[in-house]
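After this come two complexes, each holding chain A, first together with chain B and then together with chain C.
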Partner chain A sequence: MDALIVIFITGLIGLFTGLLKKPTLNLIITLCGLAVAFALQLNYGFYKSPFANYQVLEFNVPQLYFSLLAILFTAVIVVGGFGYFKRDASHTGDYYGLLLFSLCGAICLIGFTDLFMFFLGLEILSIPIYVMVGIKKQDVLSAEASIKYFFTGAFATAILLFGIALLYGATGSFNLNEIRTVIQSGEYHTSYLLIGMLFMLGAFLFKVGAVPFHFWGPDVYQGAPEIVTAFMATVVKLAALVAFYTLFNITFQELGYFWIGALYFAIALSLFLGYLGALKQTKFKRLLAYSSISNTGYALFALLSTSHSSLASLLIFLVGYGFSTIALLTISMAISNEDDEIAAFKGIGYKHPFIGFIMLISLLSLAGIPPLTGFFGKFSLLMNAYNNHLWLVILALISSAIGAFLYLRLIVLSLTKDESDKSIALNLWQYLVLSICAIGILGGGFILAI
Partner chain B sequence: MNPTDPTFGTSIDFYVILASILFTIGAFGVLIRRNMIVLLMCIELMLNAVNLLLVAFSTYYGKGDAQIFVFFIIVVAAAEATIGLSILIMAYRNQKSTDAGLFTNLNG
Partner chain C sequence: MELLILPLILGLVMLILPSGWCKLVGGLGSLASLGIASYHLMGFDPLTQVVMSSSIDKMAFGLTLNFGYDSLGLVMIMLTNAIIPLILLSNWNRELAGNKLFTALVFFMQLGLLGVFTAQDGIMFYIFWEFTLLPIFLILYWFGAKENNKVLFKFFIYTLVGSLAMLLSFIALGINAQSFAYQDLVNVQLSQKMACWVMSGFLLAFAIKIPLFPFHTWQPATYTSSPMAGTMLLSALMLKMALYGMMKWMLPLTSEGIEVMKWPVIILGAIGIVYGAVIAIKQNDIKTLFAFASISHLGLIAAGIMVFNTAAWSGAIIQIINHSLISIGLFLAADILEKRTGTRKLDELGGIAKIAPRFGFWFAAIVFAALSIPFSAGFIGEFILIKELFSFHVLIGILAVSSLILGAVYMLRSYQLSMFGPPKLTSFQDLTWNETAVFVVLSISILIIGLFSTYIIDYTAPAIRVLTAITPTN
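And then the complex of A and B:
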């Protein structure tokens, strides 16, 4: 709760210091705020918070790590996008403010114990992103992406709310513990509960971007600025997945017979449609969007197993996936790839070996090659589901092979010799971000040891 | 049931059916209309169907928390409409139309 307040106030300050048009000052304030929030969240439970009696948000050990990861991702994205912010000095404050407000929503979604907080968190998360997607006002693609994201997002919100209303009608409470007690006692109105749950499942699949509600993903990822794409692919996805887990795997656990079938279908389709769609893309951000659909399919494996370790495997998976995505988008920004063509990555490993190396490890991690973090994440997720859902695991392995082909093709492209003499220069901030991402990708597997 | 009966319409099912009908009208509107201002109105209709349902359930259970939830929904709907209209104006400046079907630059 304290971290949430710190982030919110930092966002407000960032919004106003944006008027001074001093991007460096803005960056320092934002990073200080995020560092304080990180420290407060790290010491959560070790000191007496003035908001200790606030019951609506509760962070246990796995949720705490997820919130720390969300803050870390935001900090890395803010630093990595600094070059971009500086070019667009009149909007720097808006970017920082909106990113931090959205992060507030993400933290609400990670720690909620009540459907009030859940709904508010989801909206606080989404509304700044509607704005950020369309922040390049003169750009036709950005406007189109914003429109598409807004209408599909608002539609999904309405569906989610109808689900929440039916859930309230079935159980008479908004509190997750009370709902769970009612479900366990069996004294609920069955049809309201099941229909409400189905509505909520649909809205969630939309928010995490899984098939059959994935259609907005590629368009929005392509139209949005790289920073916003990176934020949507990491922090938003992380928060939505954790909320999905809390609500379905913990609260609705007894009704698993009903929703697991639908989830099965969504996972199996996501695994394949994502990678198959990515194969024919020529735009880089679009390709990343399709590959993120498949990665969501892997992440959803965490919901299939009720064991406590599934949340830990989700954490490792998201560390690997998130840092790889941020690294790739930072590289795309660094080579000033305005047209977003994949061909622009040709020969990048020759021109700038450091970028080549980072690109290599992040793609290998996404493909799930050991000893990188992506491998450990995928491995532990699939291991948890192995006993009860063997066929789905086999499908995941097949889709993994398609994914490996996709990523290896990008690696080959980046290592092919290219005659054009377009030079690439990284600024200090981008070196810092890529190094942090490299540490995350190479060392994230050690979280398993903790 | 006889409409002159004083208990007519007090069953919760009536409210659920009414809210579902309103919600379905809104959802179909979003799916088939192309004018973006009408789309916004349809989403608003869906949210109001939810409000109606929540208030009905609140009375049914004799608890106030669902009515408070309705206030939250009203506030969020206002925020969404604000953002939505400003995005719409931005898109209109680029496209010179409010027809949602004309946005076809991003595809594939």
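And then the complex of A and C:
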């Protein structure tokens, strides 16, 4: 709770200091705020908080790590996007403020114990994103993406609310623990509960961007500025996945017979449609959007298993996936790829070995090649699901081969010898961000050792 | 652990070293790793197992950090560390020698190989197994033939699909054992049906890498489009990972399924022996010819391993070592021909033995070794393997024998067409010192192994007895 308040206040300050049009000052304030929030969250439970009795938001150990990861991702994205902010100084304050507000929503979603807080978090998370997607006002694609995301998102929210209402009608409570007790006792109105749950499942699949509710993904990812794309692909996805887990795998665990079947199909389709859709893309961010659909499919494996380690595997997976995505988008920003063409990546790794190395490890990590973090994430997720869902695991492995082909093409493209004389330069901030990502990608597997 | 750390350090050092130093430091470093391996060899008692590192507590999902080797592993380590200096030496006067990226990748390759040969944990084995794919892919991509993307993608995806099947098998075993430590995996009791499934997962990975008959389609094109050192790494070391994997991992772990899976694999191996040889006879491209010859030779070894007794395995180990040495020699010869004449086509070559007598002599020595004439290592290896296949089934034995006859046809044909006949070239530079050195070392080692192969057989016998679960009877 303390961290949430710190982030919110930092966001407010950021909005006002944005008026000064001094991006560096804004960056420093934002990073300080995030650092304080990180420290507070790290010591969660070890100090006497004035909000200790605030029951609506609780962080257990895995959730705590997720919130730390969300803060870390945000900090990395903010730093990596600094070059972009400098060019577009008039919007700097808006970006910083909105990113931080959205992060508040993400943290609410990670730690909620109450459907009221859940809905609040979801909206706080989404609304700043609607704005940020459309922040390039002159750009048609950006405007289209914003409208599309807003309308589809609003529908999803409405359906979610409908689901929550039905759930309340069936169980008589908003509190997750009470709902769970009611479900365990079996004294609920079955059809209300099941329909409500189905509605919520649909809304969640929309938020995490899984098939069959994935259509907004590519358009929105492509239209949004890279920083916002990175934020959506990492923090938003992380928060939605954790909320998904909390609600379905913990609260609705007893009803698994009902929703696991539906989820099964969503995962199987996501695994393949994402990568198959990505094969034909020529725009980089669209490709990332499609590949993120498949990665969502992998992440959803965490919901299939009730074992304790499934949240930990989700964490490792998201570390690998998140840092890879941020690294790739930072590189895309660094080569100022305005047209978003994949062809623009040709030869950059050959010209700039550091970028080449980062491209190599981040794409290989996405492809799940050991010893990178992505491998350990996929490995542990599949390990958990093996006992009950063997066929889905086999499908995941097959789709992983398709994904490897996809990522390999990008690697080959970026490492190819290019004789043209375009020059690539990274600024200090980008070096920093890419190095952090490299550490995350190379060392994330060691989380297993802890 | 220094076995693994040295190549890693060498690889990293190569990346920061100025280009001029790479050749020298790389060469000395590879010799140092050979020295370390020899040191391990000196202090090793074949009856024991050496533990290089072991984790007391298991990590999440039963992962462990167990590394170590038995005498079989040590032979493979020795082989790796001996072949790497030879590869660097045969590259010595080529333009790649001074390339730091290339040298670094060779050392990373060595790291991966040593990891595979020392891993005592299923997932560690898998990690290093996959890791070897990266350096070889980059070597092939950067230093191979131009426009070889399609070939490389095929190679990468093929091997990756195999590896994923192996990962599934490891997960299946690991879930049962609650651990991935080697001994725990061996102790898992499987039903025969389950064992067959698990074994097929392993087999897909190994059959693609070896390559066994229907899974070989990636190999010839990959060999021909890769640089000499890449081909050498692939055929002399990387394929041996798969054979080692069959002996150390696949068969002991899923011994319940051997009776069922024996037949299909041995038949595939036998088909591969004949198929590879017949195709090789018709080849005009000398590198493709050697690639198909390799399919034929390795089919024999794989079939021999599946016979699953100590004698066949001893033969397989001799033949593994022999094939590594021979393939270094053959691909060096092929590269010499290609670099100096600009072609690999047999019908455009000819009469070189007259112009370059030294090359003619040493190439002949390697060709004869490949023919497995008596006193060469191949004679012992192939003899034992064929004998065991005969006692397994007569028809299989007959097919296996054909490898000797057909082998003579394609090897002598390739030698005759390239070296004898009317000279089609006016000048051909004879062997340089480093090439001569490689050929001399290879020929002498093949001879020594051929004469004293009992030492290797006795040396590896304890490990083989453990792996084939046959108790020693004295």
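Before moving on, here are some points about what is shown:
Following the convention adopted for this analysis, the second predicted complex is superposed on the first by the 450 of 450 C-alpha atoms of A that agree within 3 Å, B and C clash if a C-alpha of one lies under 4 Å from a C-alpha of the other, contacts with A are read in each partner's own complex, and residues count from 1 in each chain.
Throughout what follows, a residue touches a chain if its C-beta (ideal position, glycine included) is under 8 Å from a C-beta of that chain, and two chains touch if they have at least 3 such contacts.
Being a predicted model, the structure only gives us computed values, none of them experimental.
Once both complexes are superposed on chain A, the partners chain B and chain C fit side by side without clashing. Once the two complexes are laid over each other on the shared chain, residue contacts for A:Y386 go to chain C alone; chain B is not touched.
When both complexes are overlaid on chain A, the residue A:L141 reaches chain B alone and has no touch with chain C. In the superposed pair of complexes, A:A343 makes contact with neither chain B nor chain C. In the superposed pair of complexes, A:I127 makes contact with chain B only, with no contact to chain C.
Looking at the shared chain after the overlay, A:C32 reaches neither chain B nor chain C. When the two complexes are overlaid on their common chain A, residue A:P218 makes contact with chain B while staying clear of chain C.
Legend: residue contacts after superposition of the two complexes on their common chain; A:I424 is shown touching neither chain B nor chain C.
Taking chain A as the reference chain, the count of touched residues is higher for B when chain B and chain C are set side by side. After the superposition on chain A, the angle chain B-chain A-chain C between C-alpha centres rounds to 140°, nearest 10.
Using the contact criterion defined above for the overlaid structures, shared-chain residue A:I439 touches neither chain B nor chain C, since it reaches no partner. Once both structures are fitted on chain A, no C-alpha atom of chain B lies closer than 25 Å to one of chain C. Put simply, chain A uses no single residue to touch chain B in one complex and chain C in the other. Looking at the complex, you find that chain C touches chain A at residues 59-61, 63, 123, 126-127, 130-131, 133-134, 138, 141-142, 149, 152-153, 156-157, 160-161, 164-165, 167-168, 171-172, 174-175. Chain A makes touch with chain C in their complex at residues 309, 312, 364, 369-371, 375, 379-380, 382-383, 386-387, 393-394, 397-398, 400-401, 404-405, 408-409, 412, 415, 448-449.
Chain B contributes residues 12, 16, 19, 23, 26-27, 30, 36, 39, 43, 46-47, 49-50, 53-54, 57, 60-61, 63, 65-66, 68-69, 72-73, 76, 79-80, 83-84, 87-88, 90-91, 93-95, 100, 103, 105-108 to its touches with chain A in the complex. Residues of chain A that touch chain B in their complex: 115-116, 119-120, 123, 127, 130-131, 134, 137-141, 143-148, 150-151, 154-155, 157-159, 161-162, 164-166, 168-169, 172-174, 192, 218-219, 222-223, 280-281, 283, 286.
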